[in-house]
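Step one of this worksheet: look at the structure below.
First chain written, first letter: the chains are A, B, C and D, and each begins at residue 1.
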Amino acid sequence: MAYEISNGHRTAKIELLNRVGHKALIKVDDIKYDLDIVEVENGVYSIIYNGQSYNVELIRGESSKKFIVNTFAKSFNIEVIDAESKYIANRNKGMEMEGSNQVISPMPGKIVKIPVTVGEVVTTGQTLIVVEAMKMQSEFKATGDKIVQAILVKEGDTVDSHQVMIKLESINSGEEK
Amino acid sequence: MAYEISNGHRTAKIELLNRVGHKALIKVDDIKYDLDIVEVENGVYSIIYNGQSYNVELIRGESSKKFIVNTFAKSFNIEVIDAESKYIANRNKGMEMEGSNQVISPMPGKIVKIPVTVGEVVTTGQTLIVVEAMKMQSEFKATGDKIVQAILVKEGDTVDSHQVMIKLESINSGEEK
Amino acid sequence: MIKKVLVANRGEIAVRVMRSCRELGLVTVAVFSDADRQAMHVRYADEAYNIGPAPSRESYLNMDAIIGAAKQSGADAIHPGYGFLSENATFSERCKAEGIKFIGPDAYAIRTMGDKITARKTMIASGVPVVPGTTEKLSDEKKAVEVVKEIGVPVMIKASAGGGGKGMRLVKKMEDLIPSLRMAKSEAMNAFGDDAVYIEKYIESPHHIEFQILADQHGNVVHLFERECSIQRRHQKVIEETPSPLITQEIRMEMGEKAVAAAKAVNYEGAGTIEFIVSDQLDYYFLEMNTRLQVEHPVTERVVGVDLVKEQINIANGLPLSFRQEDLRQDGHAIQCRIYAEDPDNNFMPNPGVIKHITVPLGLGVRYDGYVYEGYEIPMHYDPMICKLITWGKTRKESIARMRRALYEYKITGVKTSIKFLERIMDAPEFIDGKYTTHFIEDNHERLFQTKLCGTECEDMALIAAFVDYLDKLAQIQPQKFTEELASNWKDFGRKRNVLRL
Amino acid sequence: MIKKVLVANRGEIAVRVMRSCRELGLVTVAVFSDADRQAMHVRYADEAYNIGPAPSRESYLNMDAIIGAAKQSGADAIHPGYGFLSENATFSERCKAEGIKFIGPDAYAIRTMGDKITARKTMIASGVPVVPGTTEKLSDEKKAVEVVKEIGVPVMIKASAGGGGKGMRLVKKMEDLIPSLRMAKSEAMNAFGDDAVYIEKYIESPHHIEFQILADQHGNVVHLFERECSIQRRHQKVIEETPSPLITQEIRMEMGEKAVAAAKAVNYEGAGTIEFIVSDQLDYYFLEMNTRLQVEHPVTERVVGVDLVKEQINIANGLPLSFRQEDLRQDGHAIQCRIYAEDPDNNFMPNPGVIKHITVPLGLGVRYDGYVYEGYEIPMHYDPMICKLITWGKTRKESIARMRRALYEYKITGVKTSIKFLERIMDAPEFIDGKYTTHFIEDNHERLFQTKLCGTECEDMALIAAFVDYLDKLAQIQPQKFTEELASNWKDFGRKRNVLRL
């Protein structure tokens, strides 16, 4: 069975054609790779292809289909797309929120300051929230003229990575809502 | 509930009296230990008792009750003894084979030579089997005058750690059989 | 003699100090906040005491709690590491009053050097060159205009109590002087509770070069040569090396003498660092003194062959220095990279988290000073530095090649790090040629932030690893489903499908 | 110039060689047996090729397979490491014939030094002192008696093709000579297919001291001083150090000159080692030459500041040595401990297995050359060495203290190791005083095999860790049962029991 797999900027067809022990024949789009692949440590794969030795380290994401994968040169966010993922993706398409209308914490931290209130009109570049982690304060600013729709945290709160902190509404895009 | 626990040369009563987070009150025989204990890595415990910082590393054995435990000073074979273990221990007591009547491989290796045959009478110090591992050959010798009862491996075989290779029978202890 | 040392710090420096204590046969005592129960320094120490909640001011900056732990454990000395209480004159005094040896200078030296204006005055009095500018606290704006007229723009306005770039203002045109002065004073007041500022000539192509000194209780002071620390980002050092590729042997010995004079001026005791700003023409000026061990001390240790922490302890024990200036020499070249848990592709945003997997670089000429381990969660409360990587080579070229090799070997997953950014610095021609100033990172912005190419094959290997992992994990969870899905892929395709149709 | 290097080895030495190749910008090629697919050298290399089944003679000793991999990968040079094919004259010749540069000496040097009698003759001709004894293959028993009458008992009978203690016989009384000679000849025939033996004067309190040499293709030969390797068990080195605590500077320079003469006698090229046996009175005699890199080369690298693998490659490239004898000096002191997967408490039985957990010693002055990682299974087919731990100190005392600290930090579970045995050597007065011979381990048997005391508290901590682990794993498997069992332990004892009775 062929799967689809995406690394953010490219979606490829991928198929396991054969596998015996640590030898595998895998087709990615039109290229067939005759590989020697083995998980040497938890999450660390050693791949030998055409004599080349590759070390690939991956971190399993929140679902079994999502990975952060590091090669020597680059890091990728990779997702295996099966029927279920496709269904969810399609269902969400209509209701998906514009990325810039959420303020998301990229790291765990502590809320130092929220200089805005719900309902307030904010302009491009205005500071919405200040988060502190590892002795450094990061200011998160409005990327357009918006209205503060909801503030989901309060000063002194601890936030996790990827947590939504503030929701906004674009002012000049009435059709979106 | 109190358990019994053995480290080979000593069997102690052990009981968890209280535990909140990583604080625990544990009684070993007559001593109550008020501890801060936390598993910092898989199988590695950090214990702080009376300000002293202990690092204890353990390897889980074939059953959930057996451990090899390394402290800075020494290594122990530890076994938690519950009702089930006691029953098995009692049941086996009668039929337990004398240790020296089995030749057991202490490490994985390859059988190089078996200079004895089944039924052969061997004398103290006579070589029974030669095992090679890591470029070194180890000879296993008879610890008494015995009869070779069974040879469970053959030359060229690979053996695992703790595998029984040869069974013997003591000559001058007819009552044992 | 000291028998038991409490290390009032955490992270790599706590472990590093304890290593030298252990080599000296001293018992080590760790202190830890609630966030640090699982930290390496707690595991490494002979004894460990909790000193309060996660925020530094309630634990690692809490003098009462630290003195309390010292009393409880019977420690006869406290090593402060760097940061936290290491340059706190009150803490040095407090230790003295409690009869515990503070491993570092006394309050007088810390105070004198801690106030920038007082330090400038003291240096001028001792014949150590300072950057041309004011020697008094500036309150009169007219006086400021006079000074700047004399030394000429550009100038830098700095807070006397300052550090870390706060309360600093660069003035390029005379008409910007007064507004900048007012802003700097207001910033300084906010940041340090003290609006004292002073003005210095701004050096156009500055190099940051510092000298390590050691001073015993008997008036002997030596310097252990320089460290070149011009690779900085937002006034934070990123890479340090010794010897400096800039200065000559003549200037080196001259600056070393001035560094010794600076330490003698405050009756210094222990290890300290005199920072200089150096122009392209090798004019050098005193910048400030750090009255503690520096983060970058390992490069000096490697090239001079001295364990600075052991020397600190020997000095604290009242022993005279075991070497004279003429016994010391620089052998080969050393570089240090600081590795942070941060995302260089996202404006160096801190990135605390759980370390999933780590492979440490090892082998000839590599030193690794760190504290994290697999499964350890880097807390969000403290400094994002994960480790320091130090390489040595017979030549500067070899030590760069070795650093490149070490960075290649260093793998860490779970948090984002600055490793690839550091690799790009090692490949930058200006760095390789040793021709760089403190503007290096700014000047090389484009080169330093471009990501490496990963061709189709490399990209496909990433996809394949994820795919195989996905299939294997699926097989573990749903062995049945997996067999069905895979059946059509196997060579004995027909037979298996028939079985499944039954 | 060499661009791609195939490393015909495995384990720590393969990784170590690749590190230097990477620093030189060379592409690395690994070869591996079926047992080594997951080995670190395969993961570290840029390229990797399978060369056959697990047994060495079918893979790492298989010249055809290795040459085949070199051809396939386009490697222009082969580094043999130590062991395996490193001292195989035929392999050196074969590489030459195939147009691949063998990084090491030519067949003539390997053959001359490989045969002990020829080597002795060559050394005598070059003015290098050899142990008094025969210079010809001994076949005539009368001749043997004559020789021994001349030099006097005790004597050692050795196999000409020998090594590793095989075919050796110590003769203390004249009447034992003939029977011992016959046995040695028979053993030599069995072990090496060659019954040639010779007789040497036996040195009563021998020290094993060797000199590292480097020789380029232009006739330049230098020595990089000595290594003291007298701590041996069954003729296998356990601990090495440099400088030797035994010899004087005068003897050092004299022996160095003889080592250079020895290398010149066979037109040597590359890195090599001249082993000497030294008496308590500092009489020294040529023992043998190892025509390859030694396991213990890192102590020399640290103290002399030279990367020996890089020098080997530069020499192979035809470059002249970049330093003269007078440029080299010894700086500080270095010690190496070899850590084996073996059980010192059970007659050093090899102990292959899976590495469960490993904590590597790090920090100032510590070098760790290894190859195992967590989850790696050490195969039973090859050498039991896990790693080499090297420490440096300004003085011998500091380097011992640092080794003690490093051994303390080094934790490895899953296989038994010699770590604690090595710790006891570091604590032995004879070792600390630097007054030891090759009989050290025998002489100190009782001290070296006594285990450390672990008091009641230490013992109880071991019990407690096992107990808590048992309870926690039980709770994961049987949450219900666990709750019942524990209920009586909790403070809210009454309430919970009531709930359970419902």
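Everything that follows uses one rule, which is that a residue touches a chain if its C-beta (ideal position, glycine included) is under 8 Å from a C-beta of that chain, and two chains touch if they have at least 3 such contacts.
Predicted model only: the values in this text are computed from it and were never measured.
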item	value
Neighbouring chains common to subunit B and subunit C, by label	D
Pair joined by more contacting C-beta pairs (B-D or A-D)	B-D
For subunit B paired with subunit D, centre-to-centre distance based on mean C-alpha positions, whole Å	31
Averaged-CA centre spacing for the pair subunit D and subunit C, given as whole angstrom	38
Where subunit A and subunit B are represented by their mean Cα positions, the distance between them in whole Å	49
Residues of subunit D whose C-beta touches two or more other chains	44, 373-374, 408
Numbers and ranges of subunit A residues touching at least 2 other chains	41-42, 52, 55
List of subunit B residues in touch with subunit C within their complex	22, 36, 38, 40-42, 46, 48, 51-53, 55
Complex contacts: residues of subunit D adjacent to subunit A	29-30, 37-38, 42-49, 72-73, 373-376
Subunit C - residues contacting subunit D, complex	15-16, 19-20, 22-25, 44, 298, 301, 305-307, 331-332, 359-360, 362-370, 373-374, 394, 398, 401-402, 404-405, 408-409
Residues of subunit C defined as touching subunit A within the complex	341-343, 346, 349-353, 356-357, 380-384, 408, 411, 413-414, 451-454, 456-474, 477, 485-486, 488-491
In the complex with subunit C, residue positions of subunit A that touch it	1, 3, 5, 7, 10, 12, 14-19, 24, 26, 28, 31, 33, 35, 37, 39, 41-45, 47, 49, 52, 54-60, 64-65, 67-74, 76, 78, 80, 106-110, 133-136, 138, 158, 161
